[in-house]
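Same chain, two partners: chain A is paired with chain B first, then with chain C.
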Partner chain A sequence: MDNLLLLFQAPPLALQLLIDGVLIGAVFALAAYGMALVWGVMNIINVCQGEFVILGGYVALHAVRAGVPALLGVPAAAIVLFAVGWIAYRAVIFRVVERDLFISLLATYGLSILLGQLMSLGFGANLESFDPGFGSWFLFDGVVTIAKVKVVAALVTLVIAALLVAFMRRSRLGQAIRATAQNARAARILGVDTDRIYAMTYALNAAICGAAGALVMMIWVIQPFGGLIYTVRSFMIVVLAGLGNLPGVIVAALGLGAAEQFVAFILNPQLQIAFVFSALVVILAFRSWRLRRHRRYLA
Partner chain B sequence: MILVRKVLPLALLALAVTAPFLLPAFRVELTMLWIMIVLALSWDILGGQMGYNSFGNIVFFGIGVYTATIVQIGLFHDVGEYTAAAGMQTLSFTPTQYFIGLFVGLAAAPLVAAAAAFVLGRALLGLRGHYFAIATLGLGIAAGELAAGWAYIGGSSGVQVPVYPGSLESGRLLLYFLSAGLGVATFAALRRLYATRFGLVLNAIRDDEDKAEALGLRTTRYKTIAWCIAATFLGLAGGIMGHIIGFIDPREVAFAGASYGVWMVLMAILGGKGTLWGPVIGATLFYAMRNLLWTYLFGWQNVAMGLLVVAVVVFFPIGILGWLKRRHPQIFLRGAPATREAP
Partner chain C sequence: MTTRRLGSAALATAILGLGLYGGALAPARADDTITLGAPVSQTGIYATSGMHTANGYDFAIDKVNAMGGVKVGDKTYKLAIKYYDDESVATRSAELTERLVNQDGLKFILGPYGSPTTIAMAPIVEKLQVPMIEANGASRSLFTKGYKYTFAVLSTSDQYLSSAIDLIAEKAKEAGKDPKDIRLALAMGDDSFSQDVRAGIVEAAKKYGMQTVIDDKLPDAFTDMSVTLTKVKALKPDVLLVSGHEKGALTAAKQIADQKIGVPMVAMTHCDSADIIGQVGAAAEYTLCASQWASSLTYKDKWFGSAADYAKAFQAKYGHEPPYQAAESSAAVLAYVDAFERAGTLDPQKVRDAIAATDIDTFYGHIRFDPTGKNIAKPTVMLQVIKGQYQVVAPSQWATEKVVYPRPQ
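Presenting the complex of A and B:
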């Protein structure tokens, strides 16, 4: 709690936490957008979302270590993860798309275990990260430090988000994806190959996660079993924002990023994970309470 | 057939009683097997009978683990002092103290776990299927992390469970019969439960919750009670588990979502969810397979685990018993109502 006093004594510190949190939150928004996409189009809650993020981080890490410029790691991870997502769809997901949520939840949960374990075997269980060496800005006599790489990551996120929105609005495929989300049966009657749309959607989601992971690898750390927390963050953001609400997703993601930074600073950095998972439970409990009130009015 | 139905359970019961003497080398494994059966059976209350997928039942198991041990220590010593000593046996227990502590602890574990299930159920069970599933996913990990951050109960370095005062063999036998008793009691209790109106309500919630609610059933209340029942058994299983392992690590033993937490789901589905014998068969098969084959996998055990989950869920979601019922309905579908003729 001493750190709380510190925040009041040195307000620039709060600014530091806010900036860090918002910049990291931008990356959360990407993964959350992907989750909302799969959820909305395929009615699947993709539990292995976080593993895709981490896998993207590893792909980018190895690309960068092999000599690829740091920022090109992002498209590299996206392309590899697109393939991974496609394979995952063709191997497992297409069998569970039209079945109930119980099965698809468990199937993606199994995929999440599988991917986590494979990554731990393939890449080792250590924490890994890569600093591209962009340097930092120092404000307020060095009290506030802004790593340039975080700003770059947030800008890259912005570019990806703009591309995605344009893709969904303008392109033929984007239209087909939206049509399938609205009504899969009607889309099929009108000549949309929904199986292909599902495959594209799932692969696209994996690619988005891969890009996010490449950014996480540069601004933070990755670890084979650190995937679940990204799944939970994405789910939390989507639940807070509501499906199909892009501005909501952005606000919720930035807010979550900032909240995490403040909690880690005020309480204890080790409690950050506990905070994320507890926040999920609290948010869902709140939702449950609100639903109950709503039901009472109906009764 | 009637002979088989009467004789088979008795034969199994006799086997359960004699097993630790017939196979003394596998006593610990057999004890664990009973715990696994309890885990699978109690997951199936929500997962199978009620159709609510819970990834977080491990929470109640962990609460049981901690409650039993902390109560046992706390009756005679200062808990903070004990955990601060971190395994150095500076504080010891006389045999009388140990046994009083053991049984008071094992009595407290299910109560605390059920109370936790009541509170969490009130908070979360207004949610439907998938929201609930993800909430429980968060719950399991949050609990582990919070336990690891709480220094009073040992924090991330864990707690040493008080050591059994008698000989090693007698201690193991005691634990075997405790867990076997719990396993049989759980099975018998659930058998009774599923035959009552309460069991039918659970099935109604699984089949169509809106309709059940429209028929005037207060579904949230039933769901919460069902979770409390599951938590009671899980809490007891956890309390015994602490003594079997002998050391409580918050993430690896108590809130072990990655091992026991996944296994209980897998075992119940493998055996056949929504059936009484299914979780028992699944747990036995899985645990035997795990112990026989695991060592040959050379570090790929957990990968095999993930593959198994995906394979079972995608290709074999009805489970062994479900498959048998489909193939041989005249043998395995006893008690199912015969097709009624139109009046």
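Presenting the complex of A and C:
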């Protein structure tokens, strides 16, 4: 509890935690949104989400090392991962879409192992990282430091989110994706090529993950087998936010990020994950209680 | 449909490729070959260190074979290693050990990478009564259970960072300060190795009466340690000690620089295997790194020559300096070679007894096992990154540079 007192004695520390949490949450929001998209449209829980993120990191890393400016690594990773996502759909996912959830879980889990191993063979098992050299801002006499790279990442996340919202609302393809999510059969009857929509959705998700990976590579470190954490986090965020709700995903991601920072500060980083899971249980219980009340009211 | 088929073909090729790669790893066995069995991580969280471990094993095997092999009695044998990937999962290491002995018929085991994996294997080699010389399981708990078949060439993990405590106590006294006033910040991984490192620190700190103001446990899957660093900023400890394998070292080095953490001393484990100098450059400057070994030490042997010779030959083959994980793995092979030659037979019991009586100099340091199986003849060293190079700063008899303290901001 000493740490709690510390927050009251030095309020800028709380600001630091809040900023860090929100900026970290922003990066997770991207991967989570991709997961929500695939889950909502295709009813697939994509277990290899984290591997797409890490692969995006490697693509960006190699692009940057080849002389591409750091920020252009983000679109580079997105483009390459779009292709990877497309191939993964054509090779594996199209066989399991519209089938039992368990089968798609297995298939995407298999893909995650395969991608992890291939990355280990192709890039080596070493930890990799890249410092774009943006530096940090120092506020309140250095009590609050904000790494510019995290701010850049959060801004990139916002831009991508805005583009996605516009794309889904305005473009023909976005409308077709939403139509397929609502009712695939009806969409097919009305002339939507749902197979193509599924491929686009899956590839789009991979591209979003790729962009997230490029940011992760600059902020933290990447390793071929470091993907699981991104899958688990995305899953949590989507469950918290609900499907098909982009603003919800972003709010949940930012909120979770900030809450985790405070828990780690006041208690111990060891309890961060325990907190996330406990929060999940509480929120699910609350939701089901609210739904039940709602039902009773209707009856 | 064609695109679909093409996609499946690509996937199948990838899977086949993987299979072939696995197949290529299995060495051919012949009567004049002694095959050592080693479950080493090629995948999972220990993949990086596992690679260094396997490089160290292979490098020593190649050297011994190039020098004619091992003379056991009046017959000369070549050495080979059969590897399995334990996927960084301890239960898998245990299963694979049984497989190496029961199915593959091997009688001599080399350790895996990592304490949890070694801890899982120790009772298995005990049950099967085959010796294991390991080079990468430093947890103290390996040597408190009365195992008779497990031997470790490295120093136990509690020694890794306790020398940093001695170092700061010495510096405090020099500055006319009471070591009791030294305040410590610990950021330790939630794994058996790091917790052992922590136990060593706590013990040493108790000796001087130092206070621990931050005692964070980092979860295995952590990606970010900005919270711990925020605490460091608020509480201003004199030393920050970090242990969390390669990921811990690199994440800490990166974020200490990002957040401009002005703590006077930063000490961590696994800096060299995480290549913090190559990855974060100038931001790694003045970090203290615990190490089992350094190429500037004055040890020598008949196989590799001096530690520096070993480093040079390793660099020529693998294109980078040998991290200590590779050096200690090579030393484990040398301990086997020495034991085979002294035993004069390939009977596992006799070889075990010969290992227990080991007393040799190697490029890695002197090797002599106590009755619990740990090497008590070799100390750990403390390195510091000075001008982009690792320099030995403690113990003083090997120091190549004076420790820079406090860290210039």
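Here are a few things to note about the model shown:
The rule is simple: the second predicted complex is superposed on the first by the 251 of 299 C-alpha atoms of A that agree within 3 Å, B and C clash if a C-alpha of one lies under 4 Å from a C-alpha of the other, contacts with A are read in each partner's own complex, and residues count from 1 in each chain.
One rule holds for everything that comes next: a contact is a pair of C-beta atoms (placed from the backbone, for glycine too) under 8 Å apart; a residue touches a chain by one contact, two chains touch by 3 or more.
Since this is a predicted model, take the numbers as computed values, not measurements.
In the superposition on chain A, contact is made by A:Gly142 with chain C only, not with chain B.
In the superposition on chain A, contact is made by A:Leu6 with chain C only, not with chain B. Touch criterion met: A:Val96 reaches chain B, while chain C stays clear of it. Look at A:Asp131: by the touch rule set out above, it reaches chain C but stays clear of chain B. In the superposed model, A:Ile24 lies in contact with chain C only, and not with chain B.
Judged by the touch definition given at the top, the superposed model places A:Asn183 against neither chain B nor chain C. In the superposition on chain A, A:Gln270 makes contact with both chain B and chain C. By the touch criterion defined above, A:Ser171 reaches neither chain B nor chain C.
The intersection of chain A residues touching chain B with those touching chain C, taken from the two complexes, comprises 92, 114, 116-118, 120-121, 225, 228, 232, 268, 270, 273. Of all residues in chain A, only 3, 6, 10, 13, 16-17, 20, 24, 87, 90-92, 94, 114, 116-118, 120-121, 124-129, 131, 136, 138, 142-143, 145, 147, 149, 216, 220-221, 223-226, 228-229, 232, 261, 264-265, 268-270, 272-273 touch chain C in the complex they form.
Chain B meets chain A in the complex at residues 51, 53, 55, 123-127, 129-135, 137-139, 141-142, 145-146, 148-149, 220, 258, 262, 265, 269, 299-300, 302-303, 305-310, 313-315, 317. On chain C, the positions that touch chain A within their shared complex are 3-4, 6-8, 10-11, 14-15, 18, 21, 42-45, 47-48, 50-51, 88, 190, 215-219, 221-228, 230-231, 233-235, 246-247, 250-251, 254, 257-260, 274-275, 279-281, 283. Per the touch definition, chain A reaches chain B in the complex via residues 45, 47, 92, 95-96, 101-103, 105-107, 109-118, 120-121, 225, 228, 231-232, 235, 239, 268, 270-271, 273-274, 276-278, 280-281, 284-285, 287-289, 291-292.
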